[in-house]
Amino acid sequence: MSSSYGENLRLTIFGQSHAPAVGMTLEGIPAGKPIDPERLQRFLDRRAPGRNEYSPPRREADIPEFLCGLVENVTCGAPITAIIRNGDTRSGDYDALKAVPRPGHADYTAQVKYFGHQDAAGGGHFSGRLTAPLCIAGGICLQLLEKEGILVISRIASIGDVNDRGELLASTAGKDFPTVDEGQGAAMRALIAEAKAQGDSVGGVVECAVLGLPAGLGDPMFGGMENRIAALCFGIPAVKGLEFGAGFAAARGRGSEMNDAFCLEGETVRTVTNHAGGILGGISNGMPLVFRAAFKPTPSIAREQRSVDLRAGRETSLRVPGRHDPCIVPRAVPCVEAAAAIAVYDALLGRKKELDG
Amino acid sequence: MSSSYGENLRLTIFGQSHAPAVGMTLEGIPAGKPIDPERLQRFLDRRAPGRNEYSPPRREADIPEFLCGLVENVTCGAPITAIIRNGDTRSGDYDALKAVPRPGHADYTAQVKYFGHQDAAGGGHFSGRLTAPLCIAGGICLQLLEKEGILVISRIASIGDVNDRGELLASTAGKDFPTVDEGQGAAMRALIAEAKAQGDSVGGVVECAVLGLPAGLGDPMFGGMENRIAALCFGIPAVKGLEFGAGFAAARGRGSEMNDAFCLEGETVRTVTNHAGGILGGISNGMPLVFRAAFKPTPSIAREQRSVDLRAGRETSLRVPGRHDPCIVPRAVPCVEAAAAIAVYDALLGRKKELDG
Amino acid sequence: MSSSYGENLRLTIFGQSHAPAVGMTLEGIPAGKPIDPERLQRFLDRRAPGRNEYSPPRREADIPEFLCGLVENVTCGAPITAIIRNGDTRSGDYDALKAVPRPGHADYTAQVKYFGHQDAAGGGHFSGRLTAPLCIAGGICLQLLEKEGILVISRIASIGDVNDRGELLASTAGKDFPTVDEGQGAAMRALIAEAKAQGDSVGGVVECAVLGLPAGLGDPMFGGMENRIAALCFGIPAVKGLEFGAGFAAARGRGSEMNDAFCLEGETVRTVTNHAGGILGGISNGMPLVFRAAFKPTPSIAREQRSVDLRAGRETSLRVPGRHDPCIVPRAVPCVEAAAAIAVYDALLGRKKELDG
Amino acid sequence: MSSSYGENLRLTIFGQSHAPAVGMTLEGIPAGKPIDPERLQRFLDRRAPGRNEYSPPRREADIPEFLCGLVENVTCGAPITAIIRNGDTRSGDYDALKAVPRPGHADYTAQVKYFGHQDAAGGGHFSGRLTAPLCIAGGICLQLLEKEGILVISRIASIGDVNDRGELLASTAGKDFPTVDEGQGAAMRALIAEAKAQGDSVGGVVECAVLGLPAGLGDPMFGGMENRIAALCFGIPAVKGLEFGAGFAAARGRGSEMNDAFCLEGETVRTVTNHAGGILGGISNGMPLVFRAAFKPTPSIAREQRSVDLRAGRETSLRVPGRHDPCIVPRAVPCVEAAAAIAVYDALLGRKKELDG
């Protein structure tokens, strides 16, 4: 029981890849907030398949239907529910997946957890398709945050061992393949194409920054901004690591290097460096909140792989049919932004409780 | 509002460094479970200061007083509350901390969040001392897990740029300075001593593994084992990164390398490798659950640092008085184990709801 | 933010009366449980309008569409979402409701709470129509409970000042107008018809019993069976009172009368009387769990009523157009059963966590 | 797992009657709020035993020790924990209670739920003593509400079949034996004395009103003010019924009587009557929020009662030793106020999230 998130708002994500629909309910958004459906759609399109040369061809547009919560595109205070119908459902023989689990996928763990009753088709509730409703919720929060002057941007920090160069810039964000350095972006694409040609896949890292965040958001202990963002980001399939500010590099450094000295910019308190990624004691300090999410290579590869036949009780091999996305990182970029936006908007609502009316 | 954690049990941590006490309440532990107080104390002692040549001298033992929830060291079903009295409270002039925040600490963010009403003494609710009640809860869960054949072990994977070598072993765990390779452990200690001599501090990485975990624990989406562990681990001060299995290294690899092939060990399904860290789709797969937490260098250093005087509205410098722990990583090891144990035990309770009585 | 309920399962209800749909998501139902759609539909039909001579004519059947969570009518472990499309939406001029609130309805409080952005059409998220998704969730839980030998039954205990006679029996439950005493049932119907003829409405009391409940369900303090049932029942529009066992009558009695003496029925511990309504210290004692919910008369009446014009800032009068249901109590009976079933099933799941696997 | 309550604040109550202490943790109170310890103590004293001729003599004052969360009597933003030490602990032979459960008490259900591991002494976690920490939390919230101009008052509405007369007034509240009509108060006391003389006990009803509440507090569905208050009130031992406004009487009336017509008082919207008890659609409408809680007679009576010997597996009788409180209603009055205050303050914090900063 864990398809829900949130303290001050509550997001519930439902659906399976080949069920009639996937969707989300978002409670706690204040009434009277206009939502621009076209901007939301553009955001969702960034996650949709078929946007580049190597990802699978788009079969359908991911167009949400809002069932409630909006009146003429303005929030009415009631829970917001939106669904996306699944185009092809229940086609194919997914029973085989229950017998021979795909390495790196949730087939085996779902089989154990649900005693064989899981919806195996297309990955069921574990499918990457469930990030579509995450992006609906995130897209709504992004619009609300922008009205408060808060901007969420991100880039592809690396694909395989090819790293982007330079600092994440607002101008980079929102591109189809967002890198600061165009050359490195081209090298990343080449690496993806190479992996595809080899029937393989490749992982990468998404870097995300939240700009314009006021100091004072988040809570101590288990309510820190890190905890909140982690609670959402680890819900995106394939995320296996998360770091804030200098992150793992901080563990290699000295305090004298990693402490961010305070300074004044006019009357505003800032830090000279930002190794803390904008978070001290779990609470935003007014600097950009910066984090990186590591995505493992998508486990769907064309090559033959070793597995076991759970029914026959013997080892076997399998080959996963169909066209595979050799790298999900480009499509994961808006998902990371969505996760950040939801976590930050939740914290922003929580902050209001501390302020005198 | 975030000093609570948990779905199937609920942990609430309270206290400030210089308040009368710190403590914790743990709800949801089934009745009839014996808790060995001496083993618990030995576990807490691993976190206590004064255990090695460079950490500050121990002033007092951290001995919990159980206020309720146990009858003759057996859980009675009611919430378990334990407190640890703080030895020296309210001594010294902490008002200065409200004026000139220490870089890398939560002084500034607490000042903003609580409008200057925070308990600044000794870091207040943000103090590392709050990991003592975390370890009480974790120590209880560790004992309960062991009865189910589940073992939580950990080691210091690196200090600064000195890495441990070899695989994490059960025999390593529980040592004062747990490394697999003794030579690397000595090099780490030398690095800490060097940092101390320089009035500096150094960070490091703790690696933790949960052995004996059955497959099927955890939930999809936001209830994955990664999400659950992250929710607790990022509550340990100074944690700035977290990775599961191959983690960030997975993002550099290929699917063909990172997919863990399934095999049979007798009748048990296993994986040949464990790049997933024992988690697929958020759910345990029966392999060791492995993760690493990155700790930034403790921000308390002896050197003069730049800061701002919030009252005078001008830049200034400060020197943090007192003896400093040049590396908190050794004392953080049991805290990471505690976090893992709490998350795993919570998931284990949740799993029972899915099984037919 | 409160359209969600539950500790061990989580129910989220969404929708407005004239939005495209109303619906619910139910998380935490174990996998592998068959749900009989026809029985569910029969249960939902008991709540639907148009079942008797005085309630408004049925315009449409309330047929849920399951979007996910079931595979061939068996739970698959993922959240279950079902929606019911609304037949006529956005027709009529509901803007008037925002100006002149109907007495006894939520028009005024919604106006204040949502700053005029509420969906006023048909009562919006406050509409009695939202009990349809409650009944979907409840109907599912009822089926699951029956498999465990637990039966939820109820009757109309009173309409206005006409009381049913005798003890609630399983044979009474499930009828369209469930009373034990047929004559009293006829008198109740006559009273409703009289109220209708007078352009008025009338309230009543629903009595509900849960049979076959094992001892040991529920928790102390805020997790008692009373608290859990109350948390759901007060979510049914028009419920203004709730009592368990002897309830308010217990407050008039003596301890020597109200204490239920323990006795043995074979080897089973029972109580001679059941003034406690099957609950001691919040926990089920193995006797029937009995409670009553008081429904105020439906506020929709044909008569002219005093109100205020919020825009003009003056007092006025209004007449509510349309056909009105002079008594919602008969249709509320399955809603009360639904609430009881959800609360009990949630507690039943919680109980599993306490038992050794 | 249910000793916690709250959405925007979180209250956790811990302790057993004869454990070292009972106490509470209250999270989510904004920083910078002064708490007057003397007023809090006076409030706690209203709940303490020994205040009148028939209740058991006071053995000790219930003086809370604040362990954290306050700095010089001002909230510091961290969780507030306060404990009350129990005077006599573990004395006496409580093992007998596990064998022969007292009728009307939680002895039997605790035995089943906790498999005989419950702390039976003095009722353990089910003891009325647990209302002391409830009153600490409530007393804090009452002070915070008063600063917002919100007053919680209450009276004894009835003892047995003796009813108070007239309307609840602010001037009545806070008395030791709060009734509007002194003569009826005297009759109630006489009834209690009579019950005591007979070795019996008597129940009663507490009426509570929240004055000065702004319109717009609470949420639809499961977050209504009724649901919130019920969630806490049913946590007070012996509460078996709850009604809001006209409550059960509303179920006997007509819509034309029970609808509260809107009117204007200056520019303020009011209702001519208040049968809704200040709540429409779960949300406060600006009128006094009025409710009544029914308390069963305390089950501790001097007379011999039938029970069963759980170990011997046969019926038996028992006599409960010690001095008994023949009526807990007077001491329950502040507990009801505490419950109301906590629920209202929680809703008030939630309301802030909806307002633009």
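In this document, chain identifiers A, B, C and D correspond to the written order of the chains, with residue numbering beginning at 1 in each.
Please note the rule applied: contacts are C-beta pairs under 8 Å (C-beta built on N, C-alpha and C of every residue); 3 or more make two chains touch, one makes a residue touch a chain.
Note that the structure is predicted; figures quoted are calculated from it, not measured.
If you compare B-C with A-C, the chain pair joined by more contacting C-beta pairs is A-C. Chain centre most remote from that of chain D: A (centre = mean of CA atoms). Note: centroid distance chain B to chain C, computed from Cα atoms, is 45 Å. If each chain is reduced to the centroid of its CA atoms, chain A and chain C end up 38 Å from each other. Listed for chain A are residues 1-4, 8, 13, 28, 31, 77-78, 110, 113, 125, 220, 350, 353-354, each touching two or more other chains.
Note for the complex: chain C touches chain A at residues 1-4, 8-10, 12-16, 19-23, 25, 27-28, 31-32, 65-69, 71, 74-81, 83, 110, 113-119, 124-125. Here chain A touches chain D in the complex through residues 8, 28, 30-31, 77-78, 220, 349-350, 352-357, going by the rule given at the top. By the touch criterion stated above, chain D contacts chain C in their complex at residues 1-5, 7, 13, 101, 103-106, 108-110, 112-113, 125-126, 130, 158, 160-161, 195, 200-205, 215-216, 218-224, 226-227, 230-232, 234-235, 237, 239-248, 250-264, 267, 269, 271-272, 275-277, 280-286, 294-301, 303, 305-308, 310, 313-315, 350, 353-354.
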